[in-house]
């Protein structure tokens, strides 16, 4: 297991005091994301890619699309495979090796946001039912970790999928092969998430690393472009019922502001 | 590797003294099993299952039967796959992770008792020779470890196989599928084992944890219902030739008493 | 990771002093290999095998040849799979477990010497293009480690391949099977390597363990029988440009002397 | 709600039969067994005990570790015993759902290990696991601020329902496991797979609160009768 | 016994040719090589030496670790170098068969590591491994109460036979590896795969005792001539 | 050399366009990004910092660890994230190529960790990785005797060429990555895959020296402008 980061007790106390006054150490509003930067197509050799910054937190996602077999229990659906790695580049607390429980949790959240948020119409990705389908690999790398890795990884993954194109498949003699003609993915929805921390009795959006380590509770809530909740992950700590309701409302607004940033790069995403 | 349990030296000394007087710390006879409890069918969703207690030692076995390919060198035999896990639930000395050498040893003993004891007629499990056969998965879990895990795991595995039914296979267009009609497995023999420890010059059957840790030698001997020896595993320590002969005789009697318990639940097993 | 061997500082100093006088601790010439011993066919059950000693360093290589599928991107070539293990038998610093970075490096060097040195005509190993080819497994075991494991492993692997024969393949109904008629492998070239260490400003060939641990730089250079360079691996430390040129010349001569030893057992190898 | 029926005939807000037991294992410091319909879960707790390797210990509090694991025979198709990503994630969320309720600062430099073994899976295994683990922690005598009770809710065929079976879980539009401390009115776990409007979310959450309250009463009754039985045994022995 | 012949023409109680050598490796503390028919085994012993990680060490005795491993080229079909369950089990039983003969309390907090490498497998590899390992331990100068000698017996075509080849092992009704200290009359390993009546068991065991006695004599002769050769070399150098 | 053209129109001794940046990551102690044609490499350096587990530390010097890793999306076919043998080997040779240039005895018992992540692979990834890693080490303020500059040379279609693309790498007769300290005239890495006559080797090596000199100038310019920008920012803030 990776070691934990040690945040000075002084910083934590300062963050707690500020939170009790509904203020933040970096002067942001409670429901405000840090500066968001999105660049598409940074890996031309991939089928889709994006680099995103949320403040100093940076993630890169790359999409590879291949032919493959469907899952036996889902013969009429393409395959979506999401992999998240917390690169040792990103933090002194990350170590090389197979994904640890934090990386697995983020991968499962990204997967659920995309899958349960119905981002991609997987049924459109079938070539020969039960035999051959498109397989979409989403590989998302956290490369610089300054808090809120979940929203950064979801945003990078979603942006890379929006950037992606797939090659046309030609079936001959019962076997498909991919040709150079390309089309975008069958995108149906645009899920995004906002992560909220509770510090004392105050809820804040998009925590930086120091806030995350100070927080008593953390919850991530995803919405699609029609404001339906499409993912919840309560990662740490406990919440009053009223705080949960409040978190739903705050995250909805935060996501709709984040969506505006996404729309600057992908105008359809809202 | 898991850590070892520390038994107080005082307890060990007491056990050794008693053994020299041919007595045991829990007042049992030298060749006596603890109270045996067998419950079949505890996992209705499995194809067969059993929970057994030998004193406080508890094991659960579940059987899953699927279609699969035979081993290339045995085209005319079904496949038997035995897996034993020493659950971290069962003892402070067991740790999560892949089976350690103790678990592997027990799995190999269970496998040999069933396979070499000819419990199941594997040739009856062939659907299309060399192509499709039944695969029997025996998954046996030690859930509470108070000594003598081998006999408990063998007993649970045998009971679960006796409890099991397999679905009928219908072959059409060269491929088999399983339908809901069920029949028992082709059981031919009923192997059971008794484990013996040597403490000083005394041999005892079915050691509890404290006796196991005190013992200088341990051997497990299996018999089928016709009193043929069908498995020997000398696990620890050394034995005089005469002690080995004696162990064979003691274990035969102990197994035949254990068999009576099994017959209460499965009347054919003797 | 395995622990490192500790060579007494005194020995290292002695080796350095001698090197500055262009002498060695075991009185060899700077460009001289230790006594080389090669025995072929030591594992009759394998398709080819050899035991080699370079001084006290010993390696065993065994060849197994099977049928298999070609790599998808090389449908017209047989498969060569090289595996090197630094056996825990060979040194107090080697530990059981999957190959560590040293073993992987040696395996990659052996692989490249054979593959890039064009030792085997892999295209001759195709039975049905894209479908069935010969797969050559080279398993090389370092069993006694007294320095210069690379040259020992290359030599053992090359000798075992020269010793090897493959069974003839008969294709019927589109599938091949192997019959008992045997022929040698399609050998085209005879790569060998010499490893050079720099101690101070002196270059030495075939370092013993103590020299290796004292050396500031190490480089291995491979040549085929026509004196073409077919492999370079600079493993440790830095070299002046002039030292690199010198190393090329020294290793060429050392390899040609090593080749004479190989030719005593395999007369064609030079 | 009267017309709507579920595959097993239950009403939308009806739980499956629940069975709870504590003290089912001899060697563990605490243990519990919970059956909820076809779902069967066995939990053992070890600790507070020394941490290995030591550097994992914290100077001012205990750590909590959790392994959620499904037996190979627990599922319809045999499950490989190697942990899946789902099992790794659930181990983490169950750990977090329980950790915040334990008074960890009482036991610095120790670990509390929770082993959740799913013997048969028919929906709601993580919730039954949390319910059982909270009982096992109580049985181990580990001080907690309250018991945690858990139950899944979801949306199936357009309706909000409670305590989904495995089959309902596969067919549903949304599945939302919830863990609460009912009397303290604190959520310790909430996850959503699928889509809900904010109104549906509220309806579902309220249903979960109701279910967890009921489960919390069962947990208390289970512990009460366990300790009464022990008291009787002690008195009897005297 | 006269009419019955085995595939390789041996009599039921006839061993294959055996070759033994000690001191075959330079770096190991002790080493031995044993050939028994087509079976070839190389063993190295390291220790007593420091244990890593340290907490595995025992305060009042040495520990013994053993790895039994088959080279990929040792078997008919290439064997993957990853340890199989069979290799893990045999590592354990070989370790136990030898550990009880070593005076472990002389070397507290240390480990004695035994590496058994099967170079060619043609039946009886674990027995040849034990025979070789006992030689290697002696060569390493590790105090033992006696040498261990091992040989398999079995039932093939209805007859009790000794020292099964790989082919006989595959065809046999029962295979029983046995390791003994012949002069002390102690069994340190016995395993049975297959079925034997109690009478057949006795016959087989007695055959194993006879074979192990013979192997024990070879072991002693091997060590004797090794040390005589060394003595000569020392005298020669003087 | 004038008639000969390469697939991308370059002359044999012509490098692809190179982009270098340092200080691209916030949390790492040092970082750099290098693009050489289609090859894109991101490097982070952490350290000197404490070693875990501690027994890996050396009493009189720092250790260097390196992970060279290719992102799954960096290659034509998706690459599994599990390290291949090639990645393990390259991690080792990159580590060695850099370790001998760092003043390790200044930081006993510590580790310097270098993470080389290939974001897009189009030939020469290990060389771009070394070039970037040397920049990142400088950015981390770790004392080195000189910067290391690396570039591959090779033989393609009978000609010695520099800075092979991925396509050229696949088709070439020989590929030879070289890392140098150009001003000190020291080789810190040289590997050869393929066959070269001694004369071709010399020609190739000289071409590599020329290329590395050029790359070394770029590295210095990159660091210079980075520190000037920082100086400006500091002055501006004052």
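Per-chain numbering from 1; labels A, B, C, D, E and F assigned in written order.
Note that a residue touches a chain if its C-beta (ideal position, glycine included) is under 8 Å from a C-beta of that chain, and two chains touch if they have at least 3 such contacts.
Remember, it's a predicted structure, so these values are computed and weren't measured experimentally.
Touching chain C and chain F at once is no chain at all.
Distance from the centre of chain A peaks at E, each centre being the average of the chain's Cα atoms.
Using mean Cα coordinates as chain centres, the one most removed from chain D is C.
Chain B and chain F have Cα centroids lying 58 Å from one another.
Separation between the centroids of chain B and chain C, computed from CA atoms only, is 48 Å. Counting only residues that touch two or more partner chains, chain B has none. The residues of chain E that reach two or more other chains are 52, listed in rising order. Viewed as a network of touching protein chains, the structure reduces to one closed ring of chains, two contacts apiece.
All the chains close into one ring, and from chain B toward chain E their sequence is B, E, C, F, A, D. Taken together, the chain E residues at the contact with chain C in this complex read 25-28, 31, 38, 40, 42-44, 46, 49, 52, 67, 69, 71-78, 81-82, 113, 115, 117, 119-122. Contact residues on chain F toward chain C in their complex (touch as defined above): 56, 85-86, 88-89, 91-93, 96-97, 100-101, 174, 176, 181, 185-198, 201-202, 205, 209. Within the complex formed with chain F, the residues of chain A that make contact are 3, 42-46, 49, 56, 58, 60, 62-64, 66, 83, 85, 87-92, 96, 98, 137, 139, 141, 143-146. Chain C meets chain F in the complex at residues 1, 101-102, 104-105, 107-108, 112, 116-118, 216-217, 219, 224, 227-241, 244-245, 248, 252.
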